[in-house]
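Each of the next two complexes has subunit A plus one more chain, namely subunit B in the first and subunit C in the second.
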Partner chain A sequence: MRIRKLLALLLAAAAALCLPACGGSTSGSNAGKTADESKTEITAWAWDDNFNVKALRLAKERYEAEHPDVTLTVISQSLNDVVQKLNTAFAAESYDGLPNIVLIEDYRVGGYLDVFPGSLRDLSSIINADDWMPYKLSAFTRDGKIYGVPFDSAVCGMFYRVDFLEQAGYTGEDLNNITWSEYIEIGKKVKEATGVSMLEQTSGDLTLMKILMQSAGTWYVNEDNTSLNIAGNPVIKEAMQVYKDLMDAGIVMNFPGWDEKVRGIQNGDLATIVDGCWISATIKTAEDQSGKWALKPIPRMDHVEGAVNASNVGGSSWYVVDKVANADVAENFLKETFASDTGFLNELVNEIGLFSSHKSDGSFTNYEAQDAFFGNQKIWEDFAAWAELVPQVPYGINTYNIDDIVEEELQTVLQGGDIDAALSAIESRAAQIGQIG
Partner chain B sequence: MGKTKKKVILAIEYVFLCFVSFLCAFPFLWMIIGATNTSSDVMRNKMTFGSALWNNLQTLLQPEKGFVTGLSNTIITTVVTTLLSLLVCSLAGYSFTMYRSQKREKLFNILLLTMMIPFSSIMVPLYRMFAQMNKIPVLKLVGLNTLGAMILPSVSTAFLIFFFRQNAKSFSKELAEAARIDGLGEWAIFFKIFFPVMRSTFATGAIVSFMNSWNNYLWPLLVAQSPQVRTLPMVLSALGQSYTADYGALMTAIVIATLPSALVYFLMQKEFVAGMTGAVK
Partner chain C sequence: MREKSKIAKGPLEKKLNRTGWMFVSGASALIIVFTFYPVVDALRLAFMSGKGNQLSFAGMGNFQRMLQDETLKKAFFNTFLYLIIQVPIMLILGLIIASMLQNKDLRFKGLFRTAIFLPCITSSVAYALVLKTIFANEGLFNTLLTKCGLISEPILWLNDAFWSKMLIIIVITWRWTGYNAMFYIAGLQNIEPSIYEAADLDGAGSLQKMRYITAPLLRPVILFTSITSTIGTLQLFDEVKNITNGGPANATITISGYIYNVCFSYVSEFGYASAIALVVVIIIAILSALQMRVGDKE
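So, the complex of A and B:
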């Protein structure tokens, strides 16, 4: 008898523990709906409290003031977690609990559009294609339909230390629209005169390869977004050569990771940084270097026809998950905020340093701000001008997975391996990647 | 002469052991030091204790960080999972040794086979299953976006059943027989004889289950959709992954997240070792 009592007690205890746990959580998730029946609730996911989440919260304030019947819940979680959850839910074809609006990287969205067609909503009707830089829209345009609303874009520039270049005998004029071979020559002189490295390379980071490819209008895949375009691609071949020449010239400083790179910038270990515009925020953390930095266009590839002194690296956009309830409200939210409100986008330039890839039609007055850190240069105006030049490329569905392969094969090239062989090896390995990256 | 030689060898051994234990302990030391420093000091590799612990704690306790919710969710899921899995798996393991049937070995082999299937391959179907449960009134309690959904799949694990079965083999059947003759029922034999005798096995099982559940990441991440049901590992992941992470607060959070596992292990260390070596009292 006592045993039965004990057992009953144990089960009761387990149930008692379980009930508040399960009950509490379900009521929590539905709280918004039950609290006020008249309000429509929509949800949005993003991943950086100081950047895109902050932008969402500002947009929410604006939108809710206009539409008191709508509540937007902003959920912040890490980028990897967002990707993992989307992959699983889309693969399971279960849209329960997915958000209405989600921010997805441009390099990654092709996978969702091509592998899970129909999961993201066609937003052509709320986006005026003429308002935006074409290279940005192409990442999420399929068969003429636009599936996303641009958020941030990372048009590239070459930040340089004025003092180091002066010591090597160069002025800003000498850096205007140069080629990579000229860049390497300058780099050697700078290294000689100052001992400072011209460029950095962070392991596991293929930023430069992507900058080079897009500056010459090519990518790992062809226009159809699926067939590979690596073996025999003259641009990627020359890009690998640029990597090798840079390394052979001994002007590159290697960093094991992002944190070390930031420390390197703060220590003044680098004469130039070739990266997306958002790196300006990182450079500015080195307050003692204020006034020593300036900005020029990135170098262009020597032997590729049509290569320009402009490129883009990364960026992300907003999407509406089609099968989640209230998708219409979510669409309208994007329509009235990120898709059309240039006053708001202009505000975000100052709030979070946003470069949205919206064509500057005079409403982006904040682009004209002079930045004392960069010697009073109007860096955003420059970025906006260069963005007009960025070639349009198809990102395909596997950019990050192919990056990993390219990085491995690049090592063999840097050690003297044949570039053509490396490209063929990359292509045959890339052909074996599964569908989702 | 032989004595000095021995001493030298001993000294070398100790130096080596000190070095290895330093290697093992260093990350923990760095974590604790990091918790007391500001983010920029952590980035600067400052190796001395700072005074920012209180500030870091306050950052963590901001409601929008969800740290307290995460901690309490993790405690609830871990305690419930540990209790339930011990009950279910010990009963299963016990039955697999104590009762004979023709299909027993086959069934057990199939059970072992499930240990070979990686979780990522059953992730999507499992997710679908739990999404379906949301449509059924009672099962809703363990459907997506509940703590129940995090608990249920880890209540019965092949490893724990296997572990209890192996250890139950050392439990003397004569003891059970004697109890039966004395008129004890089967439940009573399990709870009054088996449980006290196999205490160290239960303790080991508890530690294993506790650690797994405490650190469980992938599945809870998938089923948790609203911030109210996030567990601690998810909160840590969110803290560390923005473009500008607050490393001081992150280190403080990790210290707090590591403490319970360390405590549980140290408190039950003796039983754990005994359980692993299969001692019967």
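So, the complex of A and C:
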């Protein structure tokens, strides 16, 4: 009896003690802990082991060799996890457990900058604005202050299967700087001659809409990053028309998700892929198609003034969480690697196929490499040239939220609904999204 | 007087009391901090609007916004569609399976029971991935149907607004039927076999036995399963998130899925999300009360 009672007491005490232990501070943060007294430890979060995380690990090697007193811990986790943790930690103003350095998508970072001012560190002092493409910097510039260090940029291109196009009677020159209506005509011929679809559409993915919008220098919001620019926007109107024309022409293959899309590319189901430059790595996984692919600029919108044959879709940048210990060390890490080391960025072109949006200043020798997979075309040189043309647009803070609304309304347009009405509907629905404060 | 009565307690009793309180205190403290406090705080949040931690009092603003929110309406429509179509199918199917498994002449009962129950203890992520492959445009299911000549074009299970909803219904039925069947099996085992024998003597068919014996005697169990299934469906999240991610174009999104998006996928709007959650709680309470009423009749 006695022992039992004692045990019970102990158990109860343990249960009661658990509470402060769980809720109590984990003294300092991940970043503050030091394995070795003399070493400063900083942490960084990124997703995608073959791309972002790999680049981070290479940067770590370089930096630690120069700074033996610093250890960088690289933590790989999914994009969704990163977003969810940042959302909750910033909202709770609980910075324990957050990393020093975090990778954030350009479409999303505006939300953090505007909703949680002060969370991310002003990095103006380590970034020379003249070195970078302005369209990239604008995503994380507020009141003239630059809050991020550019990582990858996704300049767009049109990858195409030379063999399919040839069967339909087209050469590469026929695809150079075309318009979307020309693209659709070619697509019909290709479908007729080869049975292959010209383009793909993945469920839940509005890549094309974003490519179209940026190619004509517009977005869901105006320059102030807040007021909506959807109803009556001629670019979005024509973008919807392009979607509809593509679908009506029957030249688009639908994929339910990313995996199916990759399989489709590898199967040779598509004659062209209009996407960001990083898709080249995916295309190259179809080794048996080597030499059959080539690259041209994306089509341009027909009736919109100022529309160009170049655009950007997505991309991410590095940020320093200001309130985590050792933020200075983290800032210095970015300063000496991604922010200024063009030799390193040039190396990453070969390592991961990085297009960094750093202006060409002669140090990017790897851009000149001929790629046998793309018929010895210097694809990076082309991308670098097109990047100069990409219009700068404000991403606002609700891109993904509005995307979902646009996707719904786009369905009504594809089923024959009126485009102007759809745009008004999108604008009034987007206007309901909560405002800051 | 009070003092006296306290003193009057024996030392042992007092000690026991203390032990008891210590036992409860840990668990209660945890429940208070991690359940009650968030519930109360969510109630407060439901009347706030704004992004992230920049919230301000909005009165009924969130609820007015809900009335105009087309995506939310879609989410409600989808959730209730799942509820109205899926729950009855699942419960009836569960009942049929349970009575089949109760058949005295059935061999390998254990095997069948396990097979029926297995889906609901499978990890939702794992089975979602498997089902996604089976129901892919060129997946096993479409290939089978095409080979059998039942369809000429593959059904776009994941790309089509109608079929993706059907897919979700199929998937959750597959997963939860066995779970409910287990309750019915337990209930059936409590029904006196002599009642069925008497019915046999009176010449009752199996349908009549189901209608006049099994169903009425199982009423409490049926009530329980229908309430838990209703609540479960209203909170449906993982299946949809993993299989269609709410798509195509929010055609399969559920209320919980939308709450998640508002909280974590978009720039966080905890106030609006709490308001939606509050409405869901009220709906669940009303539906449960209704079902209790209906179940308690007679």
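Here, the second predicted complex is superposed on the first by the 402 of 437 C-alpha atoms of A that agree within 3 Å, B and C clash if a C-alpha of one lies under 4 Å from a C-alpha of the other, contacts with A are read in each partner's own complex, and residues count from 1 in each chain.
Here, a residue touches a chain if its C-beta (ideal position, glycine included) is under 8 Å from a C-beta of that chain, and two chains touch if they have at least 3 such contacts.
Just so it is clear, the structure is predicted and the values come from calculations on it, not from any experiment.
Of the two partner chains, both subunit B and subunit C are touched by A:Ala91. By the document's definition of touching, of the two partners only subunit B reaches A:Asp48; subunit C does not.
Contacts of A:Ser78 after superposition: subunit B is touched, whereas subunit C is not reached. Looking at the shared chain after the overlay, A:Val115 reaches subunit C, while subunit B stays out of its contact range. Touch criterion not met for A:Ala65: it reaches neither subunit B nor subunit C.
In the superposition on chain A, subunit A positions 13-14, 18, 23, 80, 84, 88, 91-93 are in contact with subunit B in one complex as well as with subunit C in the other. Partner subunit B is touched in their complex by these residues of subunit A: 3-4, 6-7, 10, 13-14, 17-18, 20-26, 28-29, 47-51, 75-81, 84-85, 88-89, 91-94, 96-98, 259, 262-263, 278.
On subunit A, the positions that touch subunit C within their shared complex are 5, 8-9, 11-16, 18-19, 23, 80, 83-84, 87-88, 90-93, 111, 115-116, 203-204, 254-257, 260, 397-398, 400-401, 404-405, 407-408, 410-411, 425, 429, 432-437.
For subunit B in complex with subunit A, the touching residues are 43-44, 64, 73, 76-77, 79-80, 83-84, 87, 123-125, 127-128, 131, 134, 140-142, 144-148, 151, 185, 187-188, 191-192, 218, 221-222, 225-229, 234, 237-238, 240-244. Contact residues on subunit C toward subunit A in their complex (touch as defined above): 19, 22-23, 25-27, 29-30, 33, 49-54, 56, 65, 68-71, 74, 132, 136-137, 156-159, 161, 244-250, 261, 263-272.
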